[in-house]
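So, here's a batch of structures to check.
After this come two complexes, each holding chain A, first together with chain B and then together with chain C.
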Partner chain A sequence: MKRVLSSITDGRGFDIALVALPLAFLLLLSGLPLLYNVLMSFQEVDMFSLGTLWRPFVGFENYRKLFEQPETLPILGNTAIFVTASIAGQFLIGFGLALFFWTNFPGASWLRGLFLVSWVMPGLVVGAIWNWILSGDFGVLNFLLRESGLISGNIFWRSDPNYSLWAVVIANVWLGTSFNMILLSVGLSAIPGDLYEAAELDGANAWQRFWTITLPMMRSSIGALIALGLIFTLQQFDLFAAITSGGPNNSSNVTQYWAWDMSFRQYDFAKGATISVIMIVFVMLASIVYVRSTRHEVRG
Partner chain B sequence: MTPQIEFSGVNKYYGAYHALKNVELSIKKGSFTALVGPSGCGKSTLLRSLAGLESISSGTLKIAGDVMNKVPPRKRDVAMVFQSYALYPHMTVEENLTYSLRIRGTPKAEARKAAEEVAATTGLSHLLGRYPRELSGGQRQRVAMSRAIIRHPKAFLFDEPLSNLDAALRVHMRKEIRALHDRLGATSVYVTHDQIEAMTMADHVVVMRAGVIEQQGRPLDLYDRPVNKFVAGFIGSPAMNFLPAVGSEDGRSLVVDVGAPQTVPISTNVEPGRKVIAGIRPEHISVVAADSGLMRVAVSVVESTGSMSYITTATRPELAIVETGRTDVSAGDLIGLSFAPQSVHVFDAGTEERIG
Partner chain C sequence: MSDTYREKLMLAIALVLAAIYLFPLYWMYITALKSGSAMFATPPAFWPTDPQWQIYGQVWESRNMGRYIWNSVVIALGAVTVITVLGVGCAYVLARYRNVWVDIGLFLILMLQVLPASLMITPIFVGFSQVGLLEYPRLAVILAIAAKSMPFFVVLVRATFMSVPQELEEAALVDGNSRIGAFFSIVLPLARNGILVSAILIFMQAFGEFVYSKSIIQAIELQPASVGLNSFMGPNTNEWNNIMAYATIYVTPILAIFVLLQRRIVSGLTSGALK
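Showing the complex of A and B:
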């Protein structure tokens, strides 16, 4: 007994306890709901069987039915557009800003910190702000586009099916850019300065130094960031709820919003779970890329 | 012949800090010049302004006759070996070597051939496919040098390239760098804080302190006739002994104070009563019987390495003496010291400049 006790306060028992606590926490609060969700996607669920665990098993029936619905493919397509456009926008603008602040002009670090304000804001607040900006009749964005001569009539960003998805993309790019910028700034500052000096003496101009030193040295940071971006954009729910609610007519609907809508507005819990399971597969793939790219860091 | 590198009246300021003070330095083509001095003396700043990594505030810098003040580093045609080596970690050894060639658009096959040729001379042939992280310190050092050699630059700049190596390898690489320099007929500028490196490798040594060139010349000239107390103390190992002294009545000897006043002959004239500093190198003092010689001192420490014996005296200030081979002196003994008058260096006590 004494040995067990002393092993817990000082030894292997302590190590195991340290690992077991967060593991139990994860299993209970993330693992079990996840497994329950997967289980539900193979069952027939209705309002009356909601409280039980063992419900009629239907195999891939939910998946088959889901793909028979006419809105499924457009929504998957919307999700792909939303994810790609958001990541591209966040990454490119974020990288541009990171490079800009990297020049270290007076006040650069202070201003860079200020950029994080957009990232710490709750999605619903960001959505509310963008609702005003995107507003069709009196929105600032329309005003700017009109005054600069880019458009002749107002664009109804939130209610025009051609623009509704892009309205959320714009807000999401704004929300995620600063996070991209911070992570890329960290990656940039980890590149030793003497590499640039060596490259400069080797005859490389600024453009060549960017392509041959900066980009290859940032490979792991970029890989990790794109994978994280995929995970974060697939988690983006608040903006849809605040700006378009997936409408009009599903033109801005994406899987993460649709899963919630299916479960808690249409009470089709099985299909909601099925959509979530499809998303889990994509997020898992992104996680693998993320873990691998952080493991393969190139450091001299 | 125009010098390969020429600094004239060069000053460098960092804000109010005056890092290089009116530097005049001319480096002959094919020479090996060492910039040496304690840390913060400006030697690295001087090298970096030669490379173009720092701009100079005033004065002129010429490389091969052309003014380089405003020319960016990539157009100066100089190669640098960094203290950290600064190898590109994401490139193989071959890619590291050929980087400058590829930047210039040299065809792949030609670059490859150049890399193989250089690697053969520096013993890297079997490592061309490796990444820097897979190499030892000495191998990385060779890659850094090969990367410089492959370009046939107007000058090679070395920024303390050996300070990250262990002592044995350092001595070996010293010879290797010098041999390489001779074989290539290159012009090299070498920064180090280690005066032994400077003395053994260079044919022109520049001693710097606080942004000022204190003295420059051939290594043994600096050893034989240091212009001031700083250079005298910096060049030579173990360092020169300095004793407070006063010119004596006859003008041809000094009264030195090592606890008790003792008169020693010198080869220069010093006015009677003038306060000076007498400097004498440990290797120029010989131990004689206690009742003979110029001074009589007690021994406090004796250290023997077999080939050399280092004796420290119990005087104030203490004296260091180096004897070749073994010694039968031991701590506590009374010994006599003798030295030739011409091996005593005399410096003014106030300005610390050389007298005579």
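Showing the complex of A and C:
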């Protein structure tokens, strides 16, 4: 006993205690629910069996039923569109801004940091603001588009099934662009400047320098960032809750909102768990790509 | 001479870009000050001609915002406390050693970091209801947020500990300090700033958290401000000036903290998130 105690105050036991406690906490509150989720997706869950652990086991019935529903494939398609469009928008605008702020001028880093307010704001507030900006009759975006002659009639961003998903994409691109920009700035500033001097001496123009130095040197940052973007966009829930609630008629519904809607609006916890399991597999794959692409830096 | 001219031009463009990017935020502040009819005017006014300053007090009273904000603060402080107490030690050990076990621990933590809250809420809710945690909804939300955000905190704080020279700790050990003594009197003070910034980031996240609170807390008097904002925004609402006033009161403290600590927050974030 004494040896254990002294090891905790002054030895290996100190390290193990410091790590074991938080890991146990995480496994209890994240790992266990994860497994429980998989278990529930194979069970029949209703309001009466909610309190028990061993419910009737139904095999792959939940999965089969899920894919028989007519809205399943469109929602999966929406998720793919939402993720691709959000990442593309965030990345391209973020990269453009990062390249611009890379040129040094007074106040550059302070102004660049200011962009990050979009990222620290509560998602629901961002959603509320964009909900109002995108409003059909009185939204300021429609006004600006009309004035600049891009559209002739108002676009009903939130209630037109053709646009509702894009309404959330616009808000999400705004929200995530700053984060992309900041991380890309870090990658850019890590490129050694003498590479550019050498290329300039060899007569490479700005365009050639970008393609032959900047992009190849940024490859690992870009890979990590895109995997991270995938993880973040699949976590985006608040904007859907605040702007379209997945509607109209599921036209802007995505799996992460749908899973919640299943469980907490339609009280079909088994289906909610089933959708969760499918999506978590996707997220896990993305995070393996992310962890691998940052591994050499992790070891730093 | 041409150099300073170029710099001024770049600064001007940068200011324009920032203005465009931050326009939604400006629009929130402006809309809150508009009267009911000015809000729906075409063309919309980009500068409030008749600012309605009393709207903040009205919204604060009518929506009972004091209670909502208080709940948000309780939940955020609770989550930050749990995360800091548990996470700092974990980050320290993961920064101090480099072996297979540390790699496995890091991998586990990174994997748990990416689980979307809206997907995890189903098993968490059912599990919590079975062990009776839903009787204490705010505590349940605190625990759920802590589990969700702790990995991010550990990654950020680990980067801070990596920058603390290990020789200092070894010197303290040679001088007769115990491991605990060296940890509390040498390593922690040196990493204090990084820990503080990470804790503030976590606080800001937890202050705006929505999914867990919305799903777990049914009693209106225990709900945080994000859920209050959500129930304020019905599907066919037209009280946009009031909603924007609510949003203004809600986010202005966060924005103030962010602008004040901007440099530290950005550098803390960039050192941890990608490395």
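Heads up, the rule we're going with is that the second predicted complex is superposed on the first by the 295 of 300 C-alpha atoms of A that agree within 3 Å, B and C clash if a C-alpha of one lies under 4 Å from a C-alpha of the other, contacts with A are read in each partner's own complex, and residues count from 1 in each chain.
In this section, a contact is a pair of C-beta atoms (placed from the backbone, for glycine too) under 8 Å apart; a residue touches a chain by one contact, two chains touch by 3 or more.
No experiment lies behind these values; they were computed from the predicted model shown.
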* May I ask you to decide whether A:Met217 touches chain B, chain C, both, or neither, giving the answer as first, second, both or neither? => first
* Asked: Of the two partner chains, chain B (first) and chain C (second), which one does A:Leu32 touch, if any: first, second, both, or neither?
  -> second
* **Superposed model, chain A: greater residue contact from chain B or chain C** => C
* For A:Asp46, decide between first (touching chain B), second (touching chain C), both and neither. => neither
* Asked: What is the contact status of A:Tyr257 with respect to chain B (first) and chain C (second): first, second, both, or neither?
  -> second
* Touch check for A:Trp130: first (chain B), second (chain C), both, or neither? -> second
* Of all the chain A residues, which ones make contact with chain B and with chain C? -> 298-300
* **Complex contacts: residues of chain A adjacent to chain B** => 192, 194-195, 197-205, 208, 212-213, 216-217, 219, 298-300
* Which part of chain A faces chain C closely enough to touch in the complex? -> 9-11, 14-15, 17-19, 21-23, 25-26, 29-34, 36-37, 40, 45, 50-53, 97, 100-101, 103, 105-118, 120-126, 128-133, 135, 137-138, 140, 143, 147, 174, 177-178, 182-183, 185-187, 221, 224-225, 228, 231, 234-235, 237-238, 241-242, 245, 256-257, 259-260, 263-264, 269, 272-273, 275-276, 279-280, 283-284, 286-287, 290-291, 294, 297-300
* List of chain C residues in touch with chain A within their complex -> 6-7, 10-11, 13-15, 17-18, 21-22, 24-25, 27-28, 31, 39-40, 42-44, 86-87, 89-90, 92-94, 96-98, 105-127, 129-130, 143-144, 146-148, 150-151, 154, 162, 178-180, 183, 201, 204, 207-211, 214-215, 226, 229-230, 233, 235, 240, 243-244, 247, 250-251, 254-255, 258-259, 262-263, 265-266, 269-270, 273-275
* Structure fact -> Per the touch rule above, chain B residues touching chain A in the complex are 51-53, 72-74, 76, 78-80, 82, 84, 86-90, 99-100, 103-104, 132-133, 147, 151
